[in-house]
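Look at the two complexes coming up: chain A is in both, with chain B in one and chain C in the other.
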Partner chain A sequence: MNRLDALRGTTPPKPHDARAIAALAANPGCTRRALMDGAGIDKGAAARHLGFPAPFGQSPFAITRGNAFEALVKADGCAELLRMLRELLGLPIAEVAYHDVENVGAHLRHTHTRALIDRAVREEDAGTVYDHPLFTLEIAGHTAYLEPDVVAFQLGGRFHIVEIKSFAVIDGQADPAAAAAAARQAAVYVLALRGLLEELGHDPLRVSHEVVLVCPENFANRPVATLVDVRRQLAVLRRQLARMTDLDRLIDALPDGLTFDLMPDEDGLPSRPVAELADAVRGAAARYAPDCLSTCDLCFFCRDEARQEGASDLLGRHVRDELGGVASVGEALALADGARAPAEGQEEIARLLRGAERLRRECLT
Partner chain B sequence: MSLLTSLARLRAVEAGRAQPIATVRHCHLSERPMVFIPLKLAGEAAAPLAAMLGTDRDAPRLLVVTQPRNRDLRFAWAAELAGVLVPYVESFLGSTETVERRNADPYERALDAPQLLLPNRAGVAFTRLLGRSTRFRRTDGPYPVPQGVPLLGRWLTYFAERAAYPGSSLAMAATEELARHWASGQSALEDANLAALVAWITTGPSDEAEDPLVWPPAGPATDPGFDAEVLAPAMESESAERVTEALRTQLAPTWRLMWQAVDLLRALEPGAGVAQRWEQDRASFSGMAAQIEEGAPPQARRDGAVAAAARLARMERAQAAYDVQRAYDDPLVMAEYRLTGEAFAGEVVETVPDNTEGEGRSRKLRPLVVVKTDDPVRIPPGTSLGTPQRRGQGAELVSADGGLVTLKITKGMGRGRTPTPGAVPEPGERVCYTSLTDDFQGAPALPEAEATPWTHGGPPPAYVPADEDAVEEWS
Partner chain C sequence: MSDRLDDLERRIDELRAGVRTAMRVRDTATARGLRAELRAAERAWDALVSTPGEPARSGPAKGRGDGLRLVTVREQVHQALALLDAPAQPRLIVTVSQAFFAGTIRSAQLTSLRRDEERSFRSSPYGRPYYLCAALTDRLSPARALLTLSTWPVERRVVGPLSPRVDFLTGAARIAAHLAGLGQAPPEGERLLARMARNIPGAGGDGLGPPDPARVADAARRELAVHAERDALDRAELAGRATSQLGDVARLFGAATLNTVARSGER
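Presenting the complex of A and B:
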């Protein structure tokens, strides 16, 4: 049994989706996250069992709206999508064909996707739009299955990933956070498709680094397509995935016998004593930052841990950076009060903190 | 944020209570602010769900779209909102003062102006979208909307724009203003939660602030759990009353928090520059009202190149002026500049009040002042200095060495041979000087819109509100 499997124990692995893979890039310095994701642990379930459920949820209204929009874009064999792609990519009308990969059984979808893509590359003009393809991506020795919304293929021999999102583009502008998340997710698909082409012996660069983002325009449900360059996201993702294949180094630093096993009972409910699991999770160092609150299922657990340690990470990266090498709140305050002599390398920050303390006292009394 | 603020955050963690980072209030607070808490339907760009608003904390108005997918109900909601907001805005247009201007005709300025208070920055962004989705509508032609809706859209757009304008108090996000005056022991990201921030300032941090069952989100997004378990079933039941009451439970707690935030801010003394900035707000408000009166078209969807550059320059100058004014008004803000060496404070140890420069007719009074300070001074000799204690005066740094700073007063000394009493600080007086000065910066020379160069897309087409704007889908 490899050591990552030992970390997961008897808990069934949680498949990675593109959103989870994209989120890996969010906090690359976090050992806890790298290990748990590498081992395929369901962090959401772990957080719930630890008593710190993640603060994420999606409104049924948002889900309905998202599904309705996707259905609209894909209706009648992606008619609306094809219209936009023709304009955006210059797809010749005669070349447009539509393949729904979902028509074959789920277990065959990946093989079928492979075959279709292979044929498309060999015959240049075969097939144009693939709906519901299934890609794979190796994550730390495990195969993750990914389902992009659509892949388009155009005559120039270039594949474009199409991502359908239901956030609105108003007067040419979308919510920057939503657009960035969509770009990160699309980059995962680009990487997966490039990997597939490489496996098939084709040039991976035939997958364009420009993805097509389809969103509702203004306040209506009418879709609009935009090209988004994801080269930067691809670079970040590649670096992060390369790092994850090298988890051995991180595992070596762990105490012997450490496992994140939830020990699910017959009903699949975790049965492991909470305190024991909490100790195990603490065994792998986290790097908490407030940004985790929007990306990681374990965020409340790690925040609680940071609070108990009095870590300055709690206050955000800005404060942490400003404090230089001072990691704890107590230490920083002791330096400011002059109650603690600065360690080597802390002289400058200690001087600044004492100055700041003197000024605050002067102004507030 | 500076190290001073970071230290205040650390102290807040230690004390379990937010720490002041300002000694005076830096925003104007109206006698009669309009608190406005909008909610939107999840998953939609700008579909209003409800709003709680009003100027009386004991009498909030609750406006609800009981079926958000119904276009008619949505516009009826906008009309109701207009029925509250537009009369409020217009009530300030009655009393005005005439302002004389150099090189321009005098104009009428409102004596007081409206003030829109929103819970957070997301609320401001939603206000902007509400404005965008209503200001192009027409009350006649195809798809007419109720009276007041297009006008509402223009005012909402105006308020959202002013909220982004540095130093303006016409529209403010409560979390931003609170965070400008108090440092909590949590991150800036978590400060965007109004309940959490108010708890840090008043009773100390509490996990309840993040529990949507105790403190529902301050909007405009609703809690997904509430959507699934309460709102969706209520809407399915088609009982308008049930939907209304459900939404009231989500808005009422935030309403109380908003007035608590108003009380917290009101308890602070206003800074010296607040009245002046509010005067600019009043002038801006009167200008907007005059534009509407003259029948100008609604604000364009996007600025042209020249208009955008001019707006950016205006905002940059406002930001610079706001930063300087706050430092002059507030010793605690000035302390940030003292920490970085751009300002210093200390005791006057020696003066030469009748020092002069030049001979004969060009002889000028240039008193010398020596200040003893503990602050690290990083200002090169020859730099102009200003001081909060004598705003009309200008000085110049002569030398700084070993905690003693010699400076020369160069402006505001008049023409006399000896200084007027009090003009030169006496030995023993505590003074503060800074290289930060609010010198007038001229507007950049920009071409007329019609002369926009080709590098910037050439002259923008004249904006004509089109029919398609007026009938744009809102689904």
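Presenting the complex of A and C:
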């Protein structure tokens, strides 16, 4: 771990939240991100200092909308939520118990969550809906506190995570990117709750891998619930977290003395020369994809780097995978017009590229 | 009835004092506003004294400009809570007040209400006919965002695990009964009932037209019967603890949590 602390330097570590942990699973191949998150580095501050601030943070309108929708779903003892659970999972009429964990002080919330969940497992009928629980998840030696914006509830001895999101499901279809992000985030909570059950000495599989996603239906504000299977997200997440605790292999590949320290002065402002920091960050390989723009604070820095190299990553994951073995756009073009002879292993892709180039020329003339 | 008269008299006294203070500092605009309210209060007092049979909630003339301003925020909340007969969140209180009492309150006005009431109670205990107070959780601390009336028995003011659902069903049944009793149902009231009916099994909330109040009340009572026994047990236990362990102020406004104790210790 000392090496990770050296990477972070004198800057205090930044706690992870569910969004950040979920974003890890979105790009598991990125060494730069794995290292910086493992060391608890404030990527936003680093990006700002590098001159590539990410315009992150939700719009206040979106936050207000999200909160209003959540309040609607949870109003009057979760009346709407209970209706949906009865329809979706056949929740018995008698199961309506509601526990608001936030009734205890903020510093007791995690302990209270543990006590309530423990009681729920031991006594079959000890409660259905838990509002505002607080879970913990161990990330590379640091404890992250997670607040499922909602509820873990128990039905037939199994816990389900409920995730309330305010993007609309129109005619049974939701924005795939938003739905995928919600599933990844819910997977983080599933993992955290499973960890909690294991700690308490219960069977972790009592947490269902199916999460309940609640969204507004069509163009009205009426909530509708769907079951989402998050097994795939769970697998990715677990692998990624295991990788973060086992960062030695990645660290060994780094040049000696590398650090991402911002060297904050007395006022907490970063004082490290920008060029030096940029060199250090480039020392860890990134795997840029356009999706990064919505999940990572360093996205603009990595995009700029990918542009300078003319990397094929810029064109998206799909194209990058098609162009396996061809690293840059220039190389691909050279292969296509025959200016460059294909190296060993590139014959197949070179043939395809030439064919495409011929078709393009025929179309244009 | 006499509660309301007491309240009005107190309000008239307050307004008179307010007019005098305003005149002393030569704030004519405030004085004029207060005088208008005073006159309206006196008119309402007259109306109440001269027609003793009239129920309290129709006292202030609905829709009349003066009358609307007369009904204070706490009084509007009281009306809504008295109709629901169960602890309720500000959002529901506002909706009920708007639907049935031509209410003018907004949720934001309710945020400081509980604190004001507590301060008033501390300075002169039981000086008012009723207080808007907190619901008590299983730790006897104030529950988040739930308002109750001090005139209710403690059993109704505590919140066990099943209580939110029971309170919701009680409120729905009460609203359905109230709607059925009105000659012409206000559209906001029907909308509120339709929204509640959707979440009660067998209440017929999925139809397009307004729901049948009798059917909603029936469905609510049927589900209530499922939860009533266990909820009553939970509540009785909590109420017993509240009465034996808490003083007057804490019984109405909730015992301080460790959090608030710690915070006041820091000061």
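Going forward, the second predicted complex is superposed on the first by the 306 of 365 C-alpha atoms of A that agree within 3 Å, B and C clash if a C-alpha of one lies under 4 Å from a C-alpha of the other, contacts with A are read in each partner's own complex, and residues count from 1 in each chain.
Basically, a contact is a pair of C-beta atoms (placed from the backbone, for glycine too) under 8 Å apart; a residue touches a chain by one contact, two chains touch by 3 or more.
Remember, predicted model here, so these are calculated numbers, not experimental data.
In the superposition on chain A, A:Glu266 makes contact with neither chain B nor chain C. Using the contact criterion defined above for the overlaid structures, shared-chain residue A:Leu108 touches chain C, although it does not reach chain B.
Using the contact criterion defined above for the overlaid structures, shared-chain residue A:Glu344 touches neither chain B nor chain C, since it reaches no partner. In the superposed pair of complexes, A:Tyr98 makes contact with chain C only, with no contact to chain B. When chain A is checked against chain B and against chain C, the one touching more of its residues turns out to be B. Within the superposed three-chain model, A:Cys78 lies in touch with chain C and out of touch with chain B [touch as defined at top].
Look at A:Asp256: by the touch rule set out above, it reaches neither chain B nor chain C. In the superposition on chain A, A:Glu123 makes contact with neither chain B nor chain C. When the two structures are aligned on the shared chain, A:Asp291 is found in touch with chain B, with no touch to chain C.
Within the complex formed with chain A, the chain B residues making contact are 1, 3-4, 6-11, 13-14, 20, 23, 41-46, 129, 132-133, 185-190, 210, 222-225, 227-228, 231-232, 301-302, 331-332, 335, 338-339, 374-376, 472-475. On the side of chain C, the complex with chain A involves touching residues 88-89, 91-92, 137-139, 141, 143-144, 161-165, 167-168, 171, 196, 198-199, 201, 223, 226-227, 257-260, 262. On the chain A side of its complex with chain B, the touching residues are 55, 57-66, 166-168, 170-172, 216, 218-222, 290-291, 293, 310, 312, 314-316, 318-319, 322-323, 329-330, 332-333, 336, 352-353, 355-360, 362-364. Residues 71, 75-80, 82-83, 86, 93-94, 96-100, 102-108, 127 of chain A touch chain C in their complex.
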